[in-house]
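Below is one structure, written out as structure tokens; the observations come after it.
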Amino acid sequence: MAMAQAAANDGVMRAADGTPLKVALARAERREKVKAVGLVLPLFAFIILSFVVPILIMLYNSVYDPDVAENLPQTVVALKQWDGKELPSEEVFAAFVADMKAAQKNKQVALVGKRLNYEISGIRSKVVATGRKVAALDAAPFKDAVIAIDKVWGEAETWATIKRSSSVYTPFYILSMLDLRQDANGSIERVPADRSIYKDILARTLGISFLVTLMTLIFGYPVAYLLATSPQKTASILMIFVLLPFWTSLLVRTTAWMILMTDGGVFAQVLNYTGITWLLNTAGLMEGEPQLFKTRFATIVAMTHIQLPFTLLPIYSVMKTISPNYMRAAKSLGGTPFYCFLRVYMPQTLPGVAAGCLLTFILCLGYYITPALVGGPTDQMISGFIERAINSENNWGKASALGVILLTATMILYYVYNKLIGIDRMKLG
Amino acid sequence: MEEASRMKKIVTLLGAALLSSSAILAVAPAHAADELTITSWGGSYSESQRKAFYEPFIAAGNKITEAEYNGEIAKVRAMVEAKAVTWDVVDVDTQTALAGCAEGTFETIDWAKLGLDRSKFIGGDVTDCAVPNILYSTVAAYDTTKTKAPANLFEALFDQTKYPGKRALQKSPFVNLEWALMADGVAAGDVYKVLGTEEGVERALKKLDTIKKDVIWWESGAQGPQLLADGQVVFATSWNGRFFSAMKIDKKPFQIIWDYQAPDWDWWAIPKGTPKLDGAYRFISFASDPQRMADQTKWISYGPANKDAAPLVDPTILVDLPSAPDNLKTVFYPDPQFWGDKGDELRERFNAWLAQ
Amino acid sequence: MAVPSYFTTGETIAYYALRVFVGFVLLFLISPIIAVMPLSFNSESFFTYPMPGYSLKWYEDFFFNPRWSDAVKMSFLVALATTVLATALGTLAALGLSRANFPAKATIMAVLISPMIVPVIISAVGMFKFYAQLDLAGTRLGIVLAHTALATPFVVITVTATLSSFDKTLMRAGASCGAAPHTVFFKVVMPLILPGMISGALFAFVTSFDEVVVVLFLASPEDRTLPLQMFSGIREMISPTITAAATVLVLISTAMLVTVEMLRRRSEKLRGIAS
């Protein structure tokens, strides 16, 4: 009682138990905060462990490449002293022979060959053959004997490449994704035009994504407008047309397009019956029957179909919040309907347009399944090349470097999306 | 304290949910201990293996999971390197057997453990890491109701004026590069000398450039015959057995162009690190039995690799095998060693070319 | 559909043009899904109209061929486990994040949502390599963990959305009526976020049920899911059984859509938003 009295006297507000209210509130707030963090922590830890860490480790492969360092350890040490001008000394060759014998025994020679082949085209088979023959060499001098196996070992460039690849870290993969490479002296140069494909692939990925985003906007905006301005009952019926594809499996939709787009398939039949084929033929835009199977056109159509709801729905939800009174006011002030729409209505929908288009663009960048099934080889996007690098070439360095580029592009846009719109305002359906 | 008990209930519910979901998963561990996963090329080829090998093997009290792939060695390598081997036996072509052997992707075969006589197998000594099972051939074919017989293979594949329309080719450099070079005038005997050089590869790709916009690239063997049957292409390549099944079983009016057919072996190989090594050996031994190999020819026209199987084969099938004298007039034998060594770099170059 | 009498000619044209264009787009959206369904009843195995006859044999294949029926079972198994995990983790996190002044909220949210944004091939490749080291590649647990990571963003988003439009004065009202915080939570908050939770769970289910890229890398041949079976089927040779599978999947997604829409309306009604 005395304490409460004292409390009242010093002018500080206190909680029931006598602690100053400020302290009590701060304590309560801290407790709340700890509780909140505790609720988020399980998912956060789970995402970090099962998702973020695996991706980071994979991306690390784009610069981490121990194949040469691990399998030619003595050669790598011996090459340290080499000046890079003349052929390396006997000592290096001796180390090389010892390394190759060990590698042959462990069946690692092909790995070394594969790695060196990325930089010196055609050397893989020579390395493998050398691995088979090196067992016969058991006494010094080795230098001439090794060169006798294959004259590629008599070229300084080969050894320069080995020396350059001997660090477990390499800029090689990232450089080649930018169509660049290191020459024998280690300076950076462009790769020959017929080999430089990665800039094209990046440009293609961005191009297809842009085109699809644009198409979804052109198709989606009017639909969103009609949905937002129609009476509730009509709107909810129309909405089914948007939401049913949205909920349908991506694979089902892609399969549908693949089946419809075969040459002479349903899509071509529709074009024929509606006279569009005739029209295009007359206009000189097409020759004969439509041939759409495995084409860029089919890819864009299918992707537009799949992404349309993603662009449309955010625009729709912004349009829903625009009061019709603005348009009425603008019209009553004498604006033509078109002018009013352009200057009064459209600016208010821009946040929705930005949200929808950015989301669609981001998601387009990562497309793999749809181009793989409805597109031809020249319609594959970065993701498709990542899959090929692993499943057809077993080149993890390349896959990771492509991954770095794709992920960087995605993350930049994700950041923009987050700043501009805020992920916490993302809505589904 | 109604809310406290409710809280408890919720927590219990969540816990129960977690437990039950983990229980669902625990019911059957993924890689059942006695179940053998055998990966092959799908379609009518897998069908023939199912009839001739899998079904009797299952009837003998074993369990099999079938899987398909399109010959991508990289998939096997990725599994072996990641130490996540889920395939126990895999059917590979020769270049894959050789490359995989050099890289330690496949187990070295212990013929004594198989209980088989290696000398009885055609090509048995080509690699230490696989057991030959059949001889197949890459060929082209056309639909006789829609296309007139071409004078030779190269006219069929490359003559756009005489045969306008699309072609279906395998999405792989194997055989395509060789055919392109020969169509460009390289003698069959010089093909690998030319293809061994940078310029030779460019020359082959340049020849393929002339039809590139008209090619539909297939990845699985079933696609070639299907594209042909659907009328999507005028000529398709595939493996001869696939066309055989389409003609004999599905009664398609196809004609195989045996000109410059490219024969090769298929092999059974065991990915290194499989937990079911013994089962894998048991299966390969089972499937190498002469009678069962001869039986396989009822469903697909591939030559059995076991010499003892040859006399047991139904004579009427012999004319359809790649080894029939009539079919061998202008045969081209691909060099598996060349592909085993250079396959990776050519695939990478080919993929880059495709993407351009 | 008559235009108001005060419309100018231009407005009338615009009015009809808009409706024609929207009609075209809606047709574009729905027709591929509709067009494929009848093909699943084709008696022959090709994909053009008119069809020579009708047959249920592709459905018979889909439901009774163990390749397909096992894949369906596997998909349900994996999707159910994923749904349970993702809904539990996601709902808890959304509840935590909705508290006022949560530290570094934007960043944490960005991390939690990222599995939805990161190209799935990158996730799949990374997970394959990492899970292989933990002996999780080729196991069902591996697939479920991977799918849970991909599915939680949907739960977080839907539950957060219901919480953010949630009127905080309701809680205060509850408290001022003398209810303890727990009572407020269970009597006021829970019923309101339940629709969000359920639609989040459905999203999680569909995410897993449709997912093909991760299973392409992580699944062992015994653990083939329905999308994987479809995908390899398409790459191998399109059989009409795939159109039967597609039709069944469309029916499932229609059921999902109806459920989610009903939940959304209920939730709006509960929150007093006029609909």
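Worth a mention:
Read from first to last, the chains carry the letters A, B and C; within each, the first residue is number 1.
Everything that follows uses one rule, which is that a residue touches a chain if its C-beta (ideal position, glycine included) is under 8 Å from a C-beta of that chain, and two chains touch if they have at least 3 such contacts.
Small disclaimer: the values here were computed from a predicted structure and weren't measured.
Top-ranked chain pair, ordered by C-beta pairs in contact, is A-C. On a Cα centroid basis, the chain most remote from subunit B in this structure is C.
Rounded to whole angstrom units, the spacing between the C-alpha centres of subunit A and subunit B is 31. Put simply, the C-alpha centre of subunit A and that of subunit C have 22 angstrom between them.
Each chain gets a centre from the mean of its Cα atoms; for subunit B and subunit C, those two points are 37 Å apart.
In subunit C, the residues that touch at least two other chains are 129, 131, 235, 238.
Within subunit B, residues 78, 230 each touch two or more of the remaining chains.
Contact of a single residue of subunit A with at least two other chains is seen at positions 262, 264, 390. On the side of subunit C, the complex with subunit B involves touching residues 46, 77, 80-81, 84-85, 88, 128-129, 131-133, 135, 137-141, 144, 180, 182-183, 185-186, 220-223, 232, 235-238. Only residues 106-111, 114, 117, 121-122, 124-125, 128-129, 194-195, 197, 200-201, 262-264, 291, 293-294, 376-378, 380, 385, 388, 390-395 of subunit A touch subunit B when the two sit together in their complex.
Those residues of subunit B whose C-beta lies close enough to touch subunit A in the complex are 72-75, 77-78, 99, 102-104, 166, 171, 196, 198, 202, 216-217, 230-232, 341-342, 344-345, 347-348, 351-352, 354-356.
The touching residues of subunit A, when paired with subunit C in their complex, are 32-33, 35-44, 46-48, 50-59, 61, 219-220, 222-223, 225-226, 232, 238, 240-253, 255-260, 262, 264-266, 269, 305, 308-309, 336-338, 362-363, 365-366, 368-369, 373, 382-383, 386-387, 390, 396, 399, 403, 406-407, 410, 414, 418, 422-424, 426-429. Of all residues in subunit B, only 2-4, 6-7, 14, 17-18, 20-22, 24-25, 29-32, 35, 37, 39, 42-43, 65-68, 70, 78, 82-84, 86-87, 219-220, 222-223, 226, 230 touch subunit C in the complex they form.
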